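Structure, as structure tokens:
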Amino acid sequence: MNRNTPVKPVDLAVRVCGLRLKNPVIAASGTYGYGAEYRRLAPPADFGAIITKTVTLAPRAGNPPPRVFETASGMINAIGLANVGVEAFLRDKLPGLRRCGALVIANIAGNTADEYARLARRLDGAPGIAAIEVNISCPNVRHGGVAFGTDPRVAASLTRKVKKAAKLPVIVKLSPNVSDIAAIARAVEDAGADALSLINTLYGMAIDSRRRRPVLGNVTGGLSGPAIKPVALYCVHQVCQAVKLPVIGIGGIRSAEDAAEFMLAGACAVQVGTATFADPGAARAIARGLAAYCREHGFGKASDITGALHK
Amino acid sequence: MNRNTPVKPVDLAVRVCGLRLKNPVIAASGTYGYGAEYRRLAPPADFGAIITKTVTLAPRAGNPPPRVFETASGMINAIGLANVGVEAFLRDKLPGLRRCGALVIANIAGNTADEYARLARRLDGAPGIAAIEVNISCPNVRHGGVAFGTDPRVAASLTRKVKKAAKLPVIVKLSPNVSDIAAIARAVEDAGADALSLINTLYGMAIDSRRRRPVLGNVTGGLSGPAIKPVALYCVHQVCQAVKLPVIGIGGIRSAEDAAEFMLAGACAVQVGTATFADPGAARAIARGLAAYCREHGFGKASDITGALHK
Amino acid sequence: MTCSANPRPAESQTAVRIAGNRRVGAGVHLLRFRAPAIARAAQPGQFLHLLAPGMALLRRPFSIHDIDGDGIAILYRIAGQGTALLSRLRQGEPLDVVGPLGRPFAIENGRPHHIVVAGGIGIAPLQLLLRRLRAAKLSPLLCYGCATKTELRPHLRVKRIVATDDGSCGAKGFVTAALEAALDRYPGAQLYGCGPWPMLKALAAIAARRRLPCQVSLESFMACGVGACQGCVVKAVDGYRTVCHDGPVFESAAIDWDQEPVV
Amino acid sequence: MTCSANPRPAESQTAVRIAGNRRVGAGVHLLRFRAPAIARAAQPGQFLHLLAPGMALLRRPFSIHDIDGDGIAILYRIAGQGTALLSRLRQGEPLDVVGPLGRPFAIENGRPHHIVVAGGIGIAPLQLLLRRLRAAKLSPLLCYGCATKTELRPHLRVKRIVATDDGSCGAKGFVTAALEAALDRYPGAQLYGCGPWPMLKALAAIAARRRLPCQVSLESFMACGVGACQGCVVKAVDGYRTVCHDGPVFESAAIDWDQEPVV
């Protein structure tokens, strides 16, 4: 490069449903705790936003161990939504995260649509929460345990209830374990969601052939990490063609190129989960790498990458 | 081990819907061509059975290249069911395979249920075909291109038509890209299928961030290989609890331990696909390794592994 | 969070080069590298989360075996793919190290005796503990059990009782039996232990019976290593606790010993 | 199948040890190992499907660059993760080799002249071809184009015309232009080529215009390498053809040159 040409700074900031993220890299729910745990290794300030571990109304102990296991280029987990409950979250966890100046998105889950609505209402008033991400991959106890995210009508009615309960932007997090993720996305869009994030983990299982036992205490779990990236890219690509809502891409992202792929497919931001376990510096490296990617491709700002896939 | 104890030979043979396979390792459709291609590196005789590339009524040229791409511990492919068509298959491909003494299972796909039925009828009379595997992951042109394997009723009616058209055992190959694979399995069982095989590939996509283009000529493709093993194990486990039919496990199997995991989850045999590309000797090594596994665990025959998961 | 005082040393992510990596027993290797910040800060019982080139995805946790100036030593047993890969790395090759992590052993100066109980590779975190106990003039006793004589590691010169499964050195049988036989001579001792679950369970039972304080170091599959994912829990009497952050060192009385973790 | 006579040498899967692996140019390495059966059987233009320890999943195809007694040489350019990994392997490390695979160059003895056109790393399969042409006393002419002088490989002593992009050696510009200028002196020549698609496309156009027979070696992503998966096709004038089995060597007239493959 010509040494006399000043390198034009790349604007990494992106806008997602009214929020301004200083960069497109978001910590994925459940992989970053409540922010404090990684404060030294992967400071909240490195991320465009932080999504906290799913909270439920009451605290949850979670599943019996083992809860995590490594698989080929991935891992499965069955944490069982272990969390401190919404009240302890607001009281003990949120203040610290606020002091770091992080943009905080709270992720919620319930056993019934009413529980989701109550959680949304409770969080809506709380200072320091920028948006709500709704984890719809949970079993709906009222409907035989079938996940809320599986049926377009159920997902839509859940979205409507949460929207009614909260003035904050509502991001609905989609499950990939469905026949037609675009249909769910459209239903959720029509129901008033402000943004979509995808994908949550794929259903998976591991067996210990030596002990002839399922590895996980919960028998089955959720698959994440680089192994699922092609599935996640497929889902993001399908959903971006089906809806106009902003989409946040998730699944196996560990490099700036990975992040760029999701943005090219139409995502306006990305979440990083499993990669942080392997490399706590991943988010920072991805944000930097996206700036370099923009420079190479002549994009003035990171948001220009979104949808810039040649047809 | 005591040198005087003669090692009791392990019986590797398994029975699947009336067929006797000399070992539980089957070549997966589309990864072993019509048998001739691998005749030196992975002889048909190493396998318990050979499943040939999906055949359609008319020959198919397939998708534009690139058709395959490596991903983290996996690969995606969009071959587009390129095949010589059923007549050339019977005339040019089958005789050679028969001479090798391989147990041949023919895999079929159509654009309509009628096409499937015609294929089944045509193959039913042909000498040297032991069973028919029905690839129901294909788009149903009569129903807006939604795959046959996505809707329990569609899958069931397809199964009934094929069963009516053929006296040979019918193995229905399930797609994992559904909300509830157990529901599909039950529907197909009720419709008279003789066995189930699962899983076919997961929908996936790859993007070349440098060229800003989808990698595959077909844009999207199917993910296979070790990356999908946890998903495949999950599906096999779910289906084995839901049906009484024999189940053949497929997905990311590359070692005897992998094969044992699927059998412990309830599969009576396994298919090996992508692993053969990496190691043409994989099938042989898996069969040998299963014998060793049986010895270690005190199983007299490979079929004892099926379902022997401690609860 | 950032504002609260934290008594534990600050963890960091550091790129190091391997200074040495050699076999020191059957399937047991000793890895060495320089990491001044960790060497200064780390306390016995803490662990490092390691990523070696070629490792598939997740890091692997290893106790800090010893510290010598700026140098760190890790004693590890080949248990699977990750440790097998580690054992093939040579001097000069890179390692990515996160740590020091986890709750260390607390050295209870007030106690009249200090007994350190090791089972097999469980000696790993205890060498540094013994060193620090000795430095504090607390003259620790080591009770060391392993399968056979050749598994015993050379280590610090401390008083010791040895037990081997095959009787090739010291008493034949479990180290906890040997400990039990000796305990009358050490009233009010503080116990510290690391080793296989059944050994620790027996140790915890002895401690409970004799009302002795006992700290044990536990293991678990890990993902994050910092308490963020809740992946590495063990069952404690009052619920699940993370091994990486609430442990790996626990009071033995706090653990539900009927819930053997599968590792 | 097993019963039909096959004119191609039989392929096998063989475990070998690396005899040498060194850098011979910018990002270009030369790998050597012993494989007697392959060395005996292989024909120029055929390739080997290699799996090195640490490679993620699929094999990587490489042309046979040269054969010396029992020894095989592979000339490769670092193009991504697999080749980067390969370049770090040292003498004595294992490799799993499948081959020889694919349709070789056909040496057309009847032709008055034999011109071998190489672009960059495209020299890889052509060294063995030149050797066999020379052995058959067909005195081949090599037309060799690359970016700059230092990329030129030492190779057999054959007649040659060189072109470099920067003019640092031979003519400045495309090798196909240099070839064109020389072709009048070689009426009725048989052409053989390997290199980047645009070069081969230009070569095919020259061959078509002058009605010269021309064989080209093509590349593609591969999975099976033996014609089983239909994964590696290129567009030929009459449909798709597998590079691994129908090729990698094709008559240039058989290829649809408007369909540049993405590799």
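For reference, chains read A, B, C and D in written order, and residue numbers begin at 1 within each chain.
We take it that a residue touches a chain if its C-beta (ideal position, glycine included) is under 8 Å from a C-beta of that chain, and two chains touch if they have at least 3 such contacts.
Quick caveat, the model's predicted, so the values are computed rather than measured.
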| item | value |
| --- | --- |
| Taking each chain's C-alpha mean as its centre, the one farthest from subunit D | C |
| Subunit A and subunit B, separation of their C-alpha mean positions in angstrom | 34 |
| Whole-Å separation of chain centres (CA-atom averages), subunit B against subunit C | 47 |
| Euclidean distance of C-alpha centroids - subunit A vs subunit C, Å | 35 |
| Per-residue multi-chain contacts in subunit D, two or more chains | none |
| Contacts with 2+ other chains: residues of subunit A | 72-74, 211, 213, 225-226 |
| Contact graph of the chains (line, ring, star, complete, other) | line |
| Each pair of chains that touches, named by its two labels | A-B, A-C, B-D |
| Sites on subunit C touched by subunit A in the complex | 1-4, 10-13, 51, 56-59, 96, 98, 220-235, 239-240, 245, 259, 261-263 |
| Contact set on subunit A toward subunit B in their complex | 71-74, 76, 146, 150-151, 177-180, 202-207, 209-214, 219-221, 223, 225-231, 233-234, 237, 252, 257, 260-261, 264-265, 293, 297, 308-310 |
| Residues on subunit B engaged by subunit D in the complex (per definition of touch) | 30-33, 35-41, 53, 61-62, 64-70, 72-75, 77, 79, 82, 96-97, 99-100, 208, 211, 213, 215, 225-226, 274, 276-281 |
